[in-house]
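Letters A, B and C mark the chains as written, and numbering starts fresh at 1 in each.
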Amino acid sequence: MIPYTIEAIARIRQRAPLIHNITNFVVMNSSANILLAIGASPVMAHCLAEMEEMTSLASALVLNIGTIEEDWLESMILAGKTANTLGIPVILDPVGAGATRLRTEAVRKIMENCSVTVLRGNCSEILSLAASDIKTKGVDSTLSLSDEMMEVAKQMAIDNECVIAISGEEDFVTDGDQVFRVRNGQPIMTRVTGTGCGLTAVTAAFCAVEEKNMAKATAAAFGFYGLCGDLAVQASNKPGSFQVAFLDQLYSTGAEEITRYLKVR
Amino acid sequence: MIPYTIEAIARIRQRAPLIHNITNFVVMNSSANILLAIGASPVMAHCLAEMEEMTSLASALVLNIGTIEEDWLESMILAGKTANTLGIPVILDPVGAGATRLRTEAVRKIMENCSVTVLRGNCSEILSLAASDIKTKGVDSTLSLSDEMMEVAKQMAIDNECVIAISGEEDFVTDGDQVFRVRNGQPIMTRVTGTGCGLTAVTAAFCAVEEKNMAKATAAAFGFYGLCGDLAVQASNKPGSFQVAFLDQLYSTGAEEITRYLKVR
Amino acid sequence: MIPYTIEAIARIRQRAPLIHNITNFVVMNSSANILLAIGASPVMAHCLAEMEEMTSLASALVLNIGTIEEDWLESMILAGKTANTLGIPVILDPVGAGATRLRTEAVRKIMENCSVTVLRGNCSEILSLAASDIKTKGVDSTLSLSDEMMEVAKQMAIDNECVIAISGEEDFVTDGDQVFRVRNGQPIMTRVTGTGCGLTAVTAAFCAVEEKNMAKATAAAFGFYGLCGDLAVQASNKPGSFQVAFLDQLYSTGAEEITRYLKVR
């Protein structure tokens, strides 16, 4: 994974892929800054009237339901269909799925109408989509990853022909066939809002510069992102100064740090 | 107040109460980060279709009219009613009340339809709700707190059976019976957007872990928050680096600092 | 330009002009913080029902189409008309004009219905409004400023009786008669979201304290803003810590730094 990750971040910095984000109000600013820091070019746009044009310009599409409304869902579906037609990867973040019916249904509608490339969430969000009896508390996970859940995730990946990527103490990425586990990342990241959503955006950027193996691109994104957290925490383990150091690391981390610290297998 | 405040912040960090925020676009990110920093669990959600479910999961509800629209007002009222039914505290921030009729009316409608636990604002916002001839300039206060205004605030607390909490050079918290004054806090906090709204969110977290005395919980929130500002300003008195230091302090401030620096009477 | 810029920032800090922003979701927080840092008083409000009242309280109006919707466009036009009636300067930021028809049309509608004081954007945004065959990639410029484009900009300024202000490696400000060029500013500013939108807001503050020469006020805003970037980059050339240092500089930069480092001619 080390040479792959080094090459992927280099490609992002060279090509500055445009990432079209239809995301929640909380993280629009932080996701844009995270994408700019890694060298991608973010655009946030949600109005139905410009969806086809905007998605067509992009190299990847992020759909994030964190503050979903009916109108926005319609835009997400149109953008997703446009991306599908053009072969642009679609990264879906099911924020709070399992917490309310609106959110669980929004994810289902998107997945029924669009082909999703990567579904990235925390354990209870992802599993609530597989089993309707799993309840999420707000937007934070109430579950840890068990062997049983990994099997459920693999089956979801196969059924939906997509990558399932679960964030947690150890991250888990699968397309049903390949399995990657990522041990980079720090607990303080859960004390900064938008860290998960930012990872979804970074995953989109890694997918934007990959032709075929989207599970591998996702695993590289998770490793790189977590590794930047590992380095930032050396500067500070408090959430204000950690955020600042993390953005700096996303901008400056390259081959040397990836070679020394990447923990993806 | 010192042992109470120490215990309250410890309870927040232990229980991580879910705080449901229906708040303005400007501060969604900063309020979420402030709540995460003190150990609470924020969720931002405003869609009518998920209000009952989301509020039901929460331990406190924040209503903030900073960028109010008609649709959002409807959601706020439904969330407020849900909170009332379940005995969940409702913290209302009347941002810019007195500046436009829309805002003043929005607050009136919320207070007619829901029982508000704490009304937190600056002096001109709060007083404009008591007297229609007080004009707010944008969202910043044009008034300082006088003895006469404190009497008006006490009467408002009695009439509305709620806590009235007024931010200013010295903060003033009353439920009509008890009166608390808070001398923590720094002028630089007025040069960072969302500081007032963040205090509203923190007040919600303190109310979420209090059973009965909401005025005391509010005063503790004000003291703790201002004290974190007092400590952060030692790191920097400029708004960029102050913000960073402030989030760090909200995360790390505990019994020792509270014992030494709390100024609530 | 040096004495003028010194006086302008002093006036902003003394008067704290209220700047009414109808802006995009991505930058609401950062624009508010930028305005607070320079000493202005920001308000973000977009609901049609309060547009006339809110704009009437303001000393300048910012219209920014970064996440435009139909409803918001209607509010922008009403706010713009209100500002025109009262002689309040209107600063328009055509974010992403040229990328989608919605955005290009939104700018045209605003300019048909309101008299715009300053139009501030990057090269491809501004030029796409002059020539329909210029295409913007997302919200980032795809063009650099050529002599031919400067002539087009001057003609646009004359035709629209407004100031045209183009951000780039060297900024270009003209009202068709006067021409200012600004060499302050740093490449890292393009790696922080909302930097351009923040400059639009700062331009509004400088126009709010100027009676007549809006091109000069705009050039002073550009010089001051870029200069703060020049100083902040000495603290850090990475996007997280640069942002923090930049806000600190906007707050503290005064006569001495302006005298030494302003590069406007």
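By definition in this document, contacts are C-beta pairs under 8 Å (C-beta built on N, C-alpha and C of every residue); 3 or more make two chains touch, one makes a residue touch a chain.
Everything quoted here is computed from the prediction, not taken from an experiment.
Between chain A and chain B the CA-based rotation angle works out to 120°, given as a multiple of 5.
In this structure chain B contacts its sequence twin chain C using mostly different residue numbers, the overlap staying below half. With each centre defined as the average position of its C-alpha atoms, the distance from chain B to chain C rounds to 33 Å.
Residues of chain B in contact with at least two other chains: 25, 29, 243-244. Interface of chain A with chain B (complex): residues 24-27, 29-30, 66-70, 96, 99-103, 137-140, 190-194, 236, 238-241, 243-244. Within the complex formed with chain B, the chain C residues making contact are 16, 18, 20, 25, 28-29, 32-33, 36-37, 41-47, 49-50, 53-54, 57-58, 243-248, 251-252.
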